[in-house]
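What follows is a single structure, and I will ask about it in a moment.
Order as written gives the chain letters A, B, C and D; numbering starts at 1 within each chain.
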Amino acid sequence: MIPVVIAVIFLVYGIMHMTPGDPVAVMLGADATPELIQETREALGITDPFLVQFANYVKNLFTGHFGTSWYTGRDVSERLFAAIPYTIKLSLLAMLVALVLSIPMGVLAAVKHNSLGDYTISIFAMIGVSAPTFWVGTMLMLLCSLGWGILPSAYDGTWKSYVLPTITQGFNMLASVTRTQRSSMLEVLSADYIRTARAKGVSNFSATYKHALRNAIIPSITVAGLNFGTLIGGAVAIETVFAIPGVGRLMIDSIKLHDTPTVIGCMVFVSVMVSVINLLVDLLYALIDPRIKAQYLKGGKK
Amino acid sequence: MNAANTRKIPKKKSQAYEIWRRFKKNKTAMAALIVLSLIILSTLCADFIWDYQKDACSINIKNRLQHPSWEHPLGTDELGRDMLCRLVYGARASLTVGILGTSFALLVGGTLGAIGGYYGGKLDNLIMRCTDVLLAIPGLLLCIAIMSAFKSNVFYISLSLGISYISKFTRIVRSSILSVRDQEYVEAARAIGASDFSIITKHVLMNCMAPIFVQYALAIGSRILSVSTLSYIGMGIQAPTPDWGNMLSGARAFIRGNTYLVMGPGVALLLTISSFNLIGDGLRDAMDPRLKK
Amino acid sequence: MANETKRDILLDVQHLKKYFNVAGGQLHAVDDVSFTLERGKTLGIVGESGCGKSTTGRAILRLIEPTSGSVYFEGQDISKLSKEEMRKLRKEIQIIFQDPFSSLNPRQTVSQTIEEPLKIHGMKNKAERQARVRELMETVGLAERLANAYPHELDGGRRQRIGIARALAMNPKFIVCDEPVSALDVSIQAQILNLMKDIQRKHGITYIFITHDLSVVNHFSDDIAVMYLGRMVEKAPAEALFEEPLHPYTKALLSAIPVPNIHSKKERILLKGEVTSPINPPKACRFASRCEYATDKCRCEEPELIEVKPDHFVACHLLKKE
Amino acid sequence: MSNDMNKTNDVMLDIKNLVVEFKTEDETVQAINGIDLKINKGKTHGLVGETGAGKTTTALSILNLVPFPAEKPTAGTIELDGVHLYKTNEKGECVPALTEKDYQSIRGEKVAMIFQDPMTALNPIFTVGDQIAESVRLHQNVDQAKAMERAREMLELVGIPAKRADDYPHQFSGGMKQRVVIAMALACNPSLLIADEPTTALDVTIQAQVLEMMRGLRDKFGTSVLMITHDLGIIAEMCDEVSVMYAGRIVEYGNLEDIFDNTRHPYTQGLFNSLPNIEDRKAELKPIRGLMPNPADLPKGCAFCPRCDYAMEICKTVRPERKWLSETHCVECHLYDDGKDVSKL
């Protein structure tokens, strides 16, 4: 995982390095003297070769420093760490809600295959994977805040103000996991070992929920893991819609201010979070599927 | 024996025909295909109805925020431009970058996946590690990073949309090549002395097309979704060029009392993207041989 | 020795080995297999799954590159040929596959499939090619109206006929048949076996017939080789092998076949013990762990394949040359 | 056990006029077209036929597990040890005679089934011990510890060390998995065991071991067996009676001598002539010409007529009735309509 994260930082750092604009001019304003500009440049370390800059950056990361913001002149971590809790809280909450709702919905759709319920769930899921998050957010806001006035439209620190952003952010994952769960459940239900279970007298209910569900949940976990990136990427738009002071919002603001170190800091944080979630997904696999567990144990022995 | 017998050799019914026959039976997928065709047709005909510069881009404050009427079926926006006209031109922008971006991703990702899948070994390993890195960065954020480094024009937008989707195509092409590569008919082709080139093109790639085709349709939907988000946060297609994302963004301040402003572009996005998704799903079902029974 | 010269040897395989690198070591799929095959004859290779019989067939054709060993085809060592030379030689040596469902490209029609080798090996004239395709289809008993059909429209038996026509297209001298009838129902299986026999009679083709089905191999082959975990444990003319199997494994194998005859009551030898792993196998007889006669020598020394009786080769420490 | 004891009922399974059709949008596949099958207690009945003859569907009908889109037989009755599983209602339709709950208690307890492919028949995420124990707990009033004990016992019985009960299916080879499946099927001492091609996926030497084991257990417990196979060799070794199935009909039925020594139906004869004779390697194979008819478009008369060398005019139009040649032997073929002696076919 660590090499991947470092490669990710390298990539992000490389792309952002190509960003046009002189940070020093931004920081000091128009009336700075050439000497002062040169001095500041050296202090920021942007006169060094790219690889040296990168190496220094990674070195500093391990001590918790994300570099100096070109906008505030202070360490990036200051504002980044202030924003992180919002994003973590929101994303994990959204993921939790999505998973808790999508698995039963997918199972229901598969068990009642070709019924009205199945069609409703399928249509709902199709909308979920097709609708842009920011639009869903706007529509929910129109309905619940401006229309019925039951929920606040912007973040105000109360639990109520989490409801709409959570639903919005989790909607896409909810939909894709539902779709996956439905199709994998359909597949597993026609597997030979389900027939074996039925043949030894296992009831329909137990065949579905004991024998099939645990097998069918594996692809859903994969999709949830893969979709976490999309989910957290959606934060950028959602935090804008609902005015939440999270990492996504910080990133957009920093881009507009050409505050490259802060942008990089945000990207690094998000990538690390995605990698951590994917690691957890791998561990979850091993918990559910003994075949994968055996592979891990074998690999561990070496 | 009987030479006078008129020989009747049935015409070939290709797999593509079979797939189309089964696709046609899928009502939702056919509906999606029709909707999508209408959207594409409307963007093609737009120039016969409107003047792009005058109707879609120039500001007409007098007319601003008019609710839907006969004259303006979807109303006018905050700068007095006809929503329907901008919606149709917006489709042009979204579809163009969506298709360009997906094609770019397919070209690069597909080539990498094909190389990795067919030859395997260290090269394959290297390619797979690179896709791991790309996959660790959320696609949208990668687009944003790229867009913050480059100018917002159709080329760079497509490029950024494409780059963020490369790894998915690499994986899909690679896995479908892997599944085909070990099929006996590929071995059979080698056994009759076919060249590497002919094996890859005629036997391997031809049989990998199905899942790639499905993914292509789904990817266009996803790319349009991304570009609308990019435009919404101001990093994609820039005003005054109309795009569904920046139309929604512009409407943000005025939605109170003017709900129609978000309905048009939103529904257009939903329809277009779900059409691509439904077509992708339909293709997948039509190509699934298990359904034949 | 004088006898040897009279024989018309088409194929001579010497010390053929194929090891695969797998997790945990090297899998000895084919381990030091040697045999000769006369022109126009059929050698049956039998064994259970994982014994290396298919790998042997593919390594001879260099569809899998052998790890070491030589294969002389009409006196020429084909394991030393360049890729291009090998490609040209492929019209002489062919293969028929086990699975009639996966061995045909689903996007090619029957005639395209049969035509492909003709195209590759330089039959330029299209009309000529098509005439040849028609001729081949008639040979293998495919109705002409199927020329434009796709494999998915046909049943297993017909698909296998397409595979045979494709193999016959360039008039090969030698065909490896890898379980050609295992996937087929009995009545269809008999049709295909008869077809392959007819073709051999007419064209004088030499076969290697790989199968797990002992009654089929007995019916079809002149010589039979029995493989166990990558080693050839016994090779003899079919009658001799069935009348007097010498290797303990062959005996067990033959006794295990269920015979469709209610009057033949034969004694069954049931094997016990665990199958030795083919990954980094120990220097020992690979059958020792399941063999009831195994001695200490069997557990520490690998037996060589020796000619115990004329033309009857066995690899077992218990048997000596007469 | 119950009052029925006094009835001299020695019929384990009695299937009458069973019809199963799979209806889809385009076509109706006639999987089974009216078969009669009777198994006496303690006997082993062989059901032989080629792919698509309807053997597996017959087995699944007994368990009321016929897959979608048929889900239940179209017509006919099935009686298991005196209990009706299906009956015919006033309209002549076949209806389930029991509730789903009753079927569940019959499955595994009275009738158990072994499936063809051991590689996919076991649930990959449960230990084999758990899977056998589940069967025990479903039908016997015991706790998990007792059930596991029984599972270990069963494993020993099929030749697997009891300590392997805690292993997962992927840790077993194909032959071992099939032993586990057999252990699971026999865990509750079923009175009828349905074995659907139990050894087709196995190697010859492993097949011999598994068959030997099955025979031993059958004799020990006095289980009746319905042995489904395409291999006449297995029939000869394992069975007391044989039904030969072709295109959803039983075309010939008899005991081993009737079928192997007095073969009557041209299809059965064709099957024997298609097999290479291991004792006479020079013998010519005489295959049945042509292909199985499409089950969605069966010939009007005898389904075998297009492939039959003795086909007559009547075969094309009239489906042959069952004709008893002796007390134990019957055949569905027009050749035997007038009691002609055609044994020299």
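Operating definition for what follows: a residue touches a chain if its C-beta (ideal position, glycine included) is under 8 Å from a C-beta of that chain, and two chains touch if they have at least 3 such contacts.
Quick caveat, the model's predicted, so the values are computed rather than measured.
J.: Moving only between chains that touch, what is the shortest number of steps from subunit A to subunit B?
T.: When the steps are counted carefully, the minimum from subunit A to subunit B is 1.
J.: With contacts counted as defined, which of the two, B-C or C-D, has more C-beta pairs across the interface?
T.: Of B-C and C-D, more C-beta pairs in contact link C-D.
J.: Roughly how many whole angstrom separate the Cα centroids of subunit B and subunit C?
T.: 49
J.: If you average the Cα atoms of subunit C and of subunit D to get two centres, how far apart are those centres in Å?
T.: Computed value for the inter-centroid distance: 34 Å.
J.: In angstrom, rounded to a whole number, how far apart do the mean CA points of subunit A and subunit D lie?
T.: It comes to 54 Å between the two C-alpha centres.
J.: Which word fits the touch map of the chains here: line, ring, star, complete or other?
T.: It is a ring, because the chains touch in a row that closes back on itself.
J.: Give the pairs of chains that touch; include all such pairs.
T.: Chain pairs that touch: A-B, A-D, B-C, C-D.
J.: Report the residues of subunit A in contact with subunit B in the complex, numbered from low to high.
T.: Touching subunit B from subunit A are residues 4-5, 7-8, 11-12, 15-16, 18-20, 126-127, 129-135, 138-139, 142, 146, 226, 229-230, 232-234, 236-237, 240, 251-252, 255-256, 263, 267, 270-271, 274-275, 278.
J.: Show which residues of subunit A lie in contact with subunit D when the two form their complex.
T.: My answer: residues 190-204, 211, 214-215, 288-291, 294.
J.: What part of subunit C is in contact with subunit D in the complex they form?
T.: Those in contact with subunit D are residues 48-49, 155, 157, 185-191, 193-194, 212, 214-216, 218-220, 238-239, 242, 252-253, 255-262, 264, 268, 270-271, 275.
J.: Inside the complex, what are the residues of subunit D that reach subunit A?
T.: 63, 65, 67, 100-101, 104-109, 112-113, 115, 117, 120-126, 134-135, 138-139, 168, 170-171, 181, 184-185
J.: For a test of understanding, state which residues of subunit D touch subunit C in their complex under the given definition.
T.: Touch residues, subunit D against subunit C: 50-51, 173, 203-209, 211-212, 230-237, 256-257, 260-261, 270-279, 281, 283, 285-289, 291-292.
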